[in-house]
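Below is one structure, written out as structure tokens; comments come after it.
Just so it is clear, A, B, C and D label the chains in written order, and each chain counts residues from 1 on its own.
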Amino acid sequence: MRRLNPAAILMLVPTHLLLLVVIALPSIYVFWLSLNESTYGSDLTFVGLDNYVTVLTSSYFWRAALNTLIVVNAVVYIELLIAIGMAALFLGGVRYPKIMFAIVLMPYAISEVVGVLVWKIMLNSGSGVLARTIESLGFGMFNWSVSPPLALSVVTLISIWHHLPFTFLLIYAGMLAIPKSLYEAARIDGATPWQEFWRITLPLTIPAILISLIFRFVFAFRLFSEVWLLTAGGPARLTEVLAVYLYQSGFKYGEFGTASATGWLMVIGSLGVASIYLWAMHRRMLKGND
Amino acid sequence: MTDAASIVLPNMAARRVAGTVRAIVRTLLFVLIIVWSAFPILYVVLSSFKQQKEIFKYPPDIIFTPTFEHYMALATKWTGFFPTMANSLIVAVGATLLACAASILSGFVYSRYANRFLAGSVLYLIAIRLLPPIVVTLPLFPVVDALKLSDTHIVLIVLYATFWVSLCTMIMKTFIDKIPRTLDEAAVVDGATTMQTLFRVIMPLALQGVAACAIFVFVFSWNEYLFALIFTTQHAKTAPLIISEVMDAVSGTNWGVLFAGVTVQLLPVTLLVMLAQRFLIAGLTAGSVKG
Amino acid sequence: MVAINIDRFVKRYGALEVVHDISFDIEEGEFLVLVGPSGCGKSTILRMVAGLEEISGGELRMQGVRVNELSPKERQVAMVFQDYALYPHMSVEQNIGFSLELARVPKAEREAQVKRVADILQIGHLLERRPRELSGGQRQRVAIGRAMVRKPQLFLFDEPLSNLDAKLRAEMRGQIKRLHQTLKTTSMYVTHDQLEAMTLADRIICLFDGHIAQMGTPHDLFDRPANVFVAEFIGSPTMNIVPITASKAEGRTVLTLAGGGEVSLPDGTALPSLTNDGNVLAGIRPEHLSDTPTPGATARIEGVIDMLEPLGSDILVTMQVGGATLTARCTDKGQFQAGQNLTLHFDPARLHLFDSKTQMRLG
Amino acid sequence: MLRKILATAVLLAAAGSVSAQEPRTLTIISHNVHKTAATGGDLADAQNIAGEWAERNNVTLNWVTLDIGPLHDRLLREMSLGETSVDLAAVLNTRVVPSVATLLEPLGPHMEANPIEDFEGISEGLREATVINGNVVAVPYRHATNALHYNETLLEERGVAVPTTLDELLAAARAATFTRDDGTRVYGLVTTLDTHVTALQFLSAFGAVYIDADLNVHANSPEMIAGLTELANLYKEGVLPPNVTALGLDELIATMREGRGVFAINPFSRYTALNDPAASLYPGQIDVMPFPTNDPGVASANTEFWSWAIPANSTQKDLAYDLIRELSGKDATVRAALNGNGPVRPAAYEDPRIIEKLPYAAAESIGLRDASVAVPAFADAVEATTVFIEEMQAAVLGLKTPEEAAASLQTRAEELVARSK
């Protein structure tokens, strides 16, 4: 490990300058906003922690938080398992890699809004291709939109569909970077493919897995389009997630204090759910990696 | 070899059967993956060639006479679409280059240097991304306007790049971590400056990471809607805004045109992915060190 | 002429000091080998000379000029790495020519230089290949070629042969030796293998725990090891070292082994002045012990054969004597059997005595 | 590489700021329908009202079109700046709450200096709704009044007569609900219950009012409870689609076009989309009438309407007002209606050009006559609609009884109203 020298510090400048100007400074201002009451074109009125009290005493906030927690954890972990399995499958060799690759990444390439709409069309009770297929298979009418558990399951499904390529790509690229010689050594030592996967592939993919986990938590926590376009939080606000709550309570009414407070509470919440992985990453960084 | 260790010949026939079973299972899994990934997309692409009336037919027609009317409509009625695609391209390419360049530099530093400050700033890199972007736009909008950057490509390029630079830095770090440090030293002894080391030796070997980052940033910038909506009006307007106008809340969505637009939108990204795939599976680090 | 001065080198990592106040010079054209077990600081010193590690204390001078602050390029050093560190994305030609390219040497000249080096190393036919298409020995040659092409002031080798199998290692050792004889470039070579050190070096510096244990020609280190550490490190099989008590009885010197065995020394054997009331460590190399009396081998020691390790024409005989174990290298004529009594003969001049406390050579 | 990007960026930024300084450019932000209404868009017989005005006045129109939500979000952000480049904006009545109205230019002085032709000819209900805190802040331009669309072919197929009263409608919707042999379900009544407008349309036929113009809350009225009960029953019986609370506009249109719905609650102007021969399986067979009540001849019609407004921080207010004047003229209103606009002057429906062009002109004129705004504009109006949607959905899905929902709605709406006063 070399000591940080001026050249290295200079190389950090572009990244940190971008983050500082575009996100860090505005975030600080947003914190100030959260301590004030304001709307479009109005001056700020300092109200202390009132906005936080408003949000934290709102039953809608807590329902949204619970929904978010359930959906986020389901999405992130299921997606991770599928992605690892898929990456391992691809690692064993792919025919027509270019085309396969394009196909696998397509759900990610399509815009989120359109992706959700297409699923909604296909799942429309009584008319969608998938809903009618499910019905014709004898499962009864697939009326997910009025059942919060079913609706949130559909949200989870679509979110996984859309973001799986992200997680897959990170993990697959991580697996590809493992030197072949390690596998050769393991094979000579008599390892079965299964052992190879558990003893070499998986441990050496941990850094990539950590990153994908952390960033998927970051992205999933602000899940919006899936819920907004499918149920708009309904019926009766039962399927709202935090980002929808933020939009409903903050932006729809132009209450920036509430919106900012909710935003900062979401920061704390997502730090909470991803804390183990953040801690692990910090540890690796302190130890200077491998 | 006297006692215990004697070679038992495996049952070759059983092994062949197991191999065949494995091949079949693998093929089935690939088919499953294709169906899962491509089915909704195929639905969009096929629908874009159907008459409006046929789009929602159940059971859907697999074989039909294709029509190009929606593509024609896209070109003639939604005249903004193709020009805005050019904007999308400028913005996406610009954001990709900026994000990749910044993250290669910082990812290299995070990989090759370590101290308490750097380890702490990794947490900062991630934590800073936790605030929902829509909230961040509150203070950004007046600032961008005051800087006269509203409705320019540069504002979207900078915004998109910033929103990915954290993740890309971490990606680049993990990939550069896998490159033996002696290669840096060899380059230094060969007389390379830090920049030459990075761009001539490290970057070519971290192309997998660069490819992954490029895909992420490009795809995001290509489809991004919220910031484009807030920060552009005319000159820098991107294609997703036109697509959203097709999904109209007054006269209803024009599905045929929407699907045609989405299909067109998908093409450049698909090409990029196919291009990047080559770098992703290159596995260049083989043979660098050791016998 | 002195080419390099290493003056009071110190290396610290935080509070941990791993190289302690080390000084030595390298003569122009000399082949200097730093040898020592892993963790002794030899690689660190090499990397400090190369400019890859910061010099925490002391001064490095080349041709009399302080170069602490200069980059490796400015110091005009070239280095061969233990793991070769070939650029995997470049062909052999590009690997070798990389430094010239960075120095903006014109293409034609660059190609000529690469060709010249490749011919010397007999890798001319491999120029188009990538490192992953090369064997271990070929990679090693490319790594050397990459260092050679720059015509450096100083060649640095960081355990370059440790990843090769025994046969290749011997072959490459010879090649490096020949190369040095041709090019006469000042070289500094780090290894943990004493055999490499002995065969290659004009001069050896043996390091232990961040200190110089001994510095000198291979003969100096072999014949007059300055301390127990060097005595045991240099030479294979390892020198026998046993604690003894030396006493004078009737004008004769008697060496008594800790477990009770006795060494008979002929009359008039001159021993250095002994310390610690005669409690010292005695050392004798296995090849200096013989089962047959030869002229000059006037000292004797008796014991019981414990183990036999045939080496072909020679055999290693391990003998138990008074609680100590001695190994001798004898000519194998099938005369030994485990459990047999055996008398070994040696020349008292070959006996090395060390202070049991300071471990330093006596006399 | 970085340097090149930055250089390009600076160039682009410079190019952007230069073109923004072109003289006499009027920037209009609106929905695409307003652009089509004012310019004719790509219609075959386009009436380019705004274009003619622009040519006369040597102005370049810079037309920014956005969907409803984004349009207001963007407009509000622009109006919060010190100075905006937006000169003229189309705004939806429910969005012009008092806090927003303060960001709009009061039009009274402009109208005094330069009156709009026959301003009183614009529907009174709409004109009154644009006066906020005593100031006229917008001029009504386009209305979307709810009505009842019905598929004549399906009614014939089921042997059901076209209803004339609310009770007949409910009976007809039930009678027209059936399942086809191939498993396709046909729903008697289709509506979008993810928004307050259509639900309030249905409820107002029972005489229910949520919040009146004087900000009195009537949510816990017998009429409201009766309406909610009926809605819940229709849902339970399967007359309404099972996903009615998540059913969006697009799905409503698709359901009607494909003959999976018989009656639909929708604005009059949806007629064109539902009968579009390119997209509908029943072109020309979906008729429209004012939403019936049990008083024969009296329609129930909830309306939403769009107006033109000028941001108070605009730099070309006079020019913008001149365009409003042009677009609001009597003849311009008729010509815009020919472009497909919902004319805000009842007199326009008597113009022969309109009668010839719009088959539903007579019905819509009755609708416009009886129209009232669904929820009046007050500070927490948007939140009041959210609360309504929540309680209404709970009643329809049976999560609450209609009585519970109505009582809860009353309490919550009163709180909101009290907060605004």
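The rule we apply is simple: a contact is a pair of C-beta atoms (placed from the backbone, for glycine too) under 8 Å apart; a residue touches a chain by one contact, two chains touch by 3 or more.
Small disclaimer: the values here were computed from a predicted structure and weren't measured.
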item: Graph separation of chain C and chain D (steps between touching chains); value: 2
item: Chain pair with the greatest number of C-beta contact pairs; value: A-B
item: Of all other chains, the one whose Cα centre sits farthest from chain C; value: D
item: Mean-CA-position distance for chain C and chain A (Å); value: 57
item: Rounded Å distance, chain B centre to chain D centre (Cα mean); value: 39
item: Distance from chain B to chain A - Cα centre to Cα centre, in angstrom; value: 15
item: Inter-chain centre distance, chain A versus chain D - centres from mean C-alpha coordinates, in Å; value: 36
item: Shared-contact residues (touching 2 or more other chains) in chain A; value: 3, 14, 127, 132, 251
item: Shared interface positions of chain D, touching two or more other chains; value: 2, 73, 77, 80, 184, 254, 258
item: Residues within chain C bordering two or more other chains; value: none
item: Each pair of chains that touches, named by its two labels; value: A-B, A-D, B-C, B-D
item: Contact set on chain A toward chain B in their complex; value: 1-4, 7-8, 11-12, 14-16, 18-19, 21-27, 29-30, 33, 86, 89, 92, 94, 97-115, 117-119, 121-122, 127, 129, 132, 161, 165-166, 169-170, 172-174, 176-177, 179-181, 207-208, 211, 214-215, 218, 221-222, 243, 246-247, 250-251, 256, 259-260, 263-264, 266-267, 270-271, 274, 278, 281-282, 285-286, 288-290
item: Of chain D, residues touching chain B in the complex; value: 1-2, 5, 8-10, 12-13, 15-17, 19-20, 27, 29, 31-33, 42, 62, 64-70, 73-74, 77, 80-81, 85, 144, 184, 249-250, 253-254, 257-258, 270, 272-273, 276, 278-281
item: Complex contacts: residues of chain D adjacent to chain A; value: 2, 73, 76-77, 79-80, 99-100, 102-103, 183-185, 194, 241-243, 245-246, 251, 254-255, 258, 260, 380, 382-383, 386, 389-391, 393-394, 397, 399
item: In the complex, chain C residues that touch chain B; value: 50-52, 71-73, 77-79, 81-89, 98-99, 102-103, 130-136, 139, 146, 150, 163-164
item: Chain B residues within the chain A interface of the complex; value: 26, 29-30, 33-34, 36-38, 40-41, 43-44, 56, 58-60, 101-103, 105-106, 108-123, 125-136, 138-140, 143, 158-159, 161-163, 165-167, 169-171, 174-175, 177-178, 194, 198, 208-209, 211-212, 215-216, 219, 222-223, 225, 240, 243-244, 247, 258, 262, 265-266, 269-270, 273-274, 277-278, 280-281, 283, 285-286, 290
